[in-house]
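Listed after this line are the structures, all set down as C-alpha cells.
Each of the next two complexes has subunit A plus one other chain: subunit B in the first, subunit C in the second.
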Partner chain A sequence: MKSSLTIHKVIVGLLVIYLLIPLVGTFLFSIAGKWDHTILPESYTMKWYIELFQDERFYDAFRRTLFLIVMSVGLSVVIMLPTIFIITVYFSKWEGLLQAVAMLPYGIPPIVGAVGLIKVYSDGPIQIAGTPWILIGAYFITILPFMYQGIRNSLRTLNAVQLVDAAELLGATKFQAFRTVVFPNIISGILVSTLLSVALLFSEFAFANLLVGGRFETLQIYLADKLNSSGHLTSAIVITYYSMILLLTGTVLKLTFRNEKYPVVSNKKRILSFFRKQYSHKNTTLEGEK
Partner chain B sequence: MSYVTIDQVTKGYENQVVLNDISLVLKKGEFATLLGQSGCGKSTLLRSIAGLEDVDLGRILIDGKDITNLSPRQREVGMVFQSYALFPNMNVFDNIAYGLKMKKIKNIKSRVKKMIEMVDLIGKEESYPHQLSGGQQQRVALARALVMEPKVLLLDEPLSALDAKIRKNLQKELKRIQKELDITTIFVTHDQEEAMTMSDRIFVMNKGQVVQSGSPSEIYTSPVNTFVAKFIGNYNVCNMEAFRKLVRSTELKGNEVAIRPEVLQLVSVGEDSLDLQENWVIKGIIKDVSMTGNVLRYEVETEESVFLVDYLHHRGNMFEQGARVHILVPKKECIIL
Partner chain C sequence: MRKIKKQKIYLLALLLPFIMFVIGFEIGPLVAMIKNSFYADNGIQVTINQYITIFKSKFYLQAIQNSLVISLFSAVVSVIIAVIAAYSITKFSQKIQNRILMITNMTSNFEGIPLSFSYIILLGNNGLFTLLFSKIGWDVFADFNLYSWTGLILVYVYFQIPLAVMLIYPSYQGIKKQWKEASSLLGGSTSSFWLHIGIPVLLPSIVGTFSILFANAMGAYATAYALVGSNYNLLSLQIASLVASDVALKPQLGSALGVLLAATMIGAMWFNGRMMRRIRRDLK
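This part shows the complex of A and B:
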C-alpha cells in the first residue's frame, strides 16, 4: 500500500517538474541580466519588462486583441444564448441539427478554413478579407463548440424546460421566466464557457496570422514578430501572456468549484484539456528560443 | 354542478395517440385521482389541462369557461410537478412568493406567511431548495401553487419520490389542506393504494382512455373489466371455461370471473364443514406462502390456474407449503366480466 502511494507521489512530482521547468526557465530568462555559463542567471533585471511595458506597439496589439475577443465572445453569447434556449425548450426536435452545426468547426483545420474564408470574402458582395471583421467571424466559429456545450449543459442540468413550465403556470411570461428563473441559474455556467473561449482566443495564432497578419497586429502577431529580436523580451511577453491566461483559468476554476452544487461535468474536462494545450504551447515557444 | 369538464379530448404525438377521446367531469371541491399504468397518458392529460400541451381535439372547461386555447398563465391552474421544479436560485419565501410577484398581487408577505404556516415550514423561509429534504421541497412546491388560490390544483405524482413513511404523512396532510381550502384537485398516481386512501373519485386510465370512474369502493368492489380488476387489488381473474370446470357447474355465463383474494377461504382437505349453498369449492395445493406486513398471501395451485388467497396474519391461519386444501369461493363475490 505505502510503497504504491510513494510511487504515485513520485510520478506526480516528476510530472509537475516536467511541466514547470520550461515555465520557470522562461521566467528566469525574462528577468535575467547576464546568463551564460551558470545554472542560474548571474544577475537579474526588470529591464525587459520595462521595455515591454513602454512599447506602444505592445499596448496597441493588446487593445486590438481585446477588441477582437470582446467582440467575438460577446457576439457569441448574444446570439447563442437565445438560440440554444429557444431550441432546447421549444424545438427539441432540432437539437440534433444544432449540435451537429456547433461541432462542425472541430473538423476543419484552421489553415484550410482560413484559405477558404479568404477566397470567399476577398471579392463578391462581402469584401472583408484582411479586415478584423473576418477574424471576428472566424473566432465566432472557433468558439462555437465551447459556447454551445457550456450553455446547453447548463440548461440541461438545470432542467430549464420544467422550470419555465412552472414559472409560466405561476403567471410569468416566457421572457420573464427566462430572466428570473433560467438566466440566474446558468449565468455562472455561461461565464465559464466565456472565459474559456477568451483564453482560447488569446492563444489563437493560425487564423490571426493568415487572415489579417500584420495589417491588424494582434498580441499573437506581435509576439511572433518579437521572437526574431530579443529572446529576453520574448520571454517577458510569454510570461505576461501566461499570467493573464492563468488569471483567467483561475477565475474559471473558482467559478466551477463554487458551482459544485450544480456540476457541469464537461466544463471540468474542458479545463483539463485546456491546460494541456497551454503547456504544449509554452514548450514550443521555449524550444524556438534556444 | 360540473366545475371541471374535459370534453372529448384527443391528443397525439407523431403517429401515436396518447389521449383517445377522453371525457370527464369533476364537481367543485372534489379530490379526483387519475390512476393508471406508466405511459397511459396521465401526465399528458394533466399538462393539457395546465396548458403546457395543446390538445388536437376537444375542449377543456373550468368553472364554465372554455380554457382550451388560453396560455398557461391565464388558466388559473396550479400544478405540482413530480420533480418539484423549485427555483434553485430562490429561497423558500421567494419561491412561494414568485407567482404573487409576477401577478403583482398586494400583501405578498402576509399571504406567503400564511401559506408557510399551512404547510408547516416555519423557520425554513430563508433556506434554499438544495438545503431541504424531499418532503420539505414537496411542501414548498405545494405552497407555491396554492398561494395563487388556483381554481384547480394539479398534482403529478407528487409523492412518488418520497419514502413510504413520509409519503403516508404527506398524504394525510395533503388531504387536510385540500379539505381546508376546499380546492378542486386532480391527483395523478400509479399507486392504487394511494388512490384509494386519498380520492373522492377515481378515474382508471388505460391506453389514453378512461376505462372506469367512481368512488374508491365502487372501483374496488365492482371493476368493469379485466384490466381494472387486475390493476386494482390483485384480483384473481379466471377464464370462465376453466372456472366452470373447476367448480363443476354450467350455470355461469360471461367470459371471465374476477375474485378478490381476501374473500377466499382455505379449508384443509378432510374437514367437512363446507357450505356448498353459499360457496363454490375448488381443490388445490399450497404452492407458496409470502408475507407482506400484516397479510399472509397463499398461492394455491388448482387444476386450471393459480389462485391468490389473502389472510390476516395471525396464528391459526397457518397452512404449510404443499398442504392439500379446499378453496371456498363465496358465490356473491364472484364478479362476472
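This part shows the complex of A and C:
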C-alpha cells in the first residue's frame, strides 16, 4: 500500500513540476542579469521591471485594455441583469431561447466570430472595423455565456420569482422589487462572473489582433509585438501580466469558496458542468415522454 | 388588463439593447459569414466555388488535416495524462488535493501569447534549456525545433493538461470505495474492477472532456500565431490571413473555411452529446 503511494507522489510531483517550469523559468529570466551557462542565473537585477515601468507604451496599452474591459463588462452587467431578470420572471417561456443565444458564443471560436464581424462592419452603414467599438461588441458576446450563467444561477438560488411575487403583493412596484429585494442578494454571485469575465478579456488576443490590431494596441498586442525584442523585458511583461490574472482568479476562488464551498472553479469547467446538466435534463424529459 | 399589457411593452423595451447586441455581434456576423461563403471572389456572383476550391486545393486540405491531427493528438495525450494524474491526485489528503487543483487552475490561465513566449525563452533557438543542454552535452534537444509540429504539440499539450485534469478529477469522486470492496468480495481483481466498473463509470466524462479539448485546440489561434506565425499550415492561421492580413485578402474563401471550422466544432459537441446519451443508456 505504501509503495503505491510513492508512485502517486511521483506522478503528481512530475505533473506539478511540468506545469510550473515555464512559469518559474519565465520569472527567473525576468529577474536575471547574466544567465547563459549555469542552471540558476549568475546575477539578479530589477532593471527589466524598472525599464518596463518606465515604458509609456506599456501604460498606454494597459489603459486601453482596461478601457475595453470596463466598457464591455460594464455594459454586460447593465444589459444582462434586467434582461435575464425580466425573462425569468415575466417571460419564462423564452428562457430556452435566451439560454441558446447566451451559450452559443461558447461554441464559436474568436477566429470564426471575427470573420463575420469583419464582413459586417468593414462596409455598409456602420463602419467600425478597426476601431475599439467593434471590440466592445465582440467582447460583450465573448463573456455572454459566463455572465448569463452567473446571473441565472444567482437568480435561481434566490427563488427570485417568488420573492418578486411576494414584494408585489406587499405593494412594491416591479422596479422596487428588483432594486431592493433581488439586486442586493445577487451582487456576490454577479461579482464572481464579472471577475471571471475580466480575467478572460485580459488574455484575449484573437479578436484584438484580427479586428483592430496595431491601431488600438492592447496589452496582448503589445506583448505579441515585443516577442521578438529583448527576452528579459518580455519576461517582465509576462510576469506582470500573469500576476494580475492570478490576483483576479485568486479573488474569484476566494469568493466562490466562501459562497459555494467549491474550491476549484474555472470558466471552462463551469461550462462543462452546465452542459452536463443540460444532458441529464434532456434525458429525463425523453424518458418521461416514453 | 390594459395596464398589464402596457407594462409588458415597457418590459419588452428593456430587452431591446440585449437583442441589438445579439443581432449585431453574434447572429448577424454568423449569418453574414455563411452567406459570404457562397459568393465568388468579387462578392457579386452566388456560387459554391469557394468550397470546391478548398476541397481541390492541397494547401487548404493540408491546413484542415494539420488542425485535425494536432487537435486529436493533443486531446488524446492530455486526456491520458489527466486520467492517470487525476487518479493519483485522489490518493492524497483533501488539503493537498485542493492545493494541487489550485495549481492546475492557476496554470490553466497561462495560455496564448504569454505561454508561447515562455516556451520560446525555455526551448527556442536561444532558449535556456536549449543552451544549457547543449553545454552539458545532452543532445536530446539537438534535433528539437520549437517552431515546428513537435513544438506546437508540446505547447498545445501544456495548455490542455490543466483543463483536462480539472474536468476529469470530479468524476473520480463518483467512484465509491464500497464498489471496490463489493467487487473484491465477489472475487474481482483490481484490474477487473477498473475494466468492468471504474472505466465505464468514467467514460462519459472522458469522452466529454475529449471533445471539449478537441474543440479547444481546433479554435486555438493566439498560441500558434505567436509560436509559428505563418510558417505552419493550420486552419485557424489560414482563416486569419485570408480575412485580416496585409496581403491577399480573400474574405469569401476565409468565410468558407470559417464555416468548415465552425461545423467541425459543432460536430465535436454533437458527438459529445450523442456519446454521453449512449453511454448513459448502456449503464442503465
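Brief remarks follow.
Everything that follows uses one rule, which is that the second predicted complex is superposed on the first by the 245 of 290 C-alpha atoms of A that agree within 3 Å, B and C clash if a C-alpha of one lies under 4 Å from a C-alpha of the other, contacts with A are read in each partner's own complex, and residues count from 1 in each chain.
The rule is short, and it goes like this: contacts are C-beta pairs under 8 Å (C-beta built on N, C-alpha and C of every residue); 3 or more make two chains touch, one makes a residue touch a chain.
All figures in this text were calculated on a predicted structure; none of them were measured in a lab.
Using the contact criterion defined above for the overlaid structures, shared-chain residue A:M46 touches neither subunit B nor subunit C, since it reaches no partner.
Shared-chain residue A:V70: touches no atom of subunit B or subunit C.
Taking subunit A as the reference chain, the count of touched residues is higher for C when subunit B and subunit C are set side by side.
Contacts of A:I17 after superposition: neither subunit B nor subunit C is touched. In the overlay built on the shared chain, the residue A:M103 is in contact with neither subunit B nor subunit C.
In the superposed model, A:V181 lies in contact with subunit B only, and not with subunit C. Of the two partner chains placed by the overlay, only subunit B lies in contact with A:D165; subunit C stays clear of it. Comparing which residues of subunit A touch subunit B with which touch subunit C, the overlap is empty.
Contacts from subunit A toward subunit C in the complex involve residues 4-5, 7-9, 11-12, 15-16, 18-23, 25-26, 29, 35-37, 39, 79-80, 82-83, 86-87, 90-91, 101, 104-105, 107-120, 137-138, 140-141, 144, 174, 199, 203, 205-206, 209-211, 213, 220, 223-224, 227, 231, 234-235, 238, 241-242, 245-246, 249, 253, 263-266, 268-269, 272, 275-276, 279, 282-283.
Those residues of subunit C that touch subunit A in the complex are listed here as 7-8, 11, 14-15, 17-18, 21-22, 24-33, 36, 81, 84-85, 87-89, 91-92, 98, 100-122, 128, 131-132, 135, 158, 161-163, 165-167, 208-209, 212, 215-216, 218-222, 225-226, 236, 239-240, 243-244, 251, 254-255, 258, 261-262, 265-266, 269, 272-273, 276-277, 280. If you check the complex, the residues on subunit B that touch subunit A are 50-52, 71-73, 75, 77-79, 81, 83, 85, 87-89, 98-99, 102-103, 130, 144-145, 148. In the complex of the two chains, the subunit A residues touching subunit B come out as 158-159, 162-163, 165-173, 176, 180-181, 184-185, 261-262.
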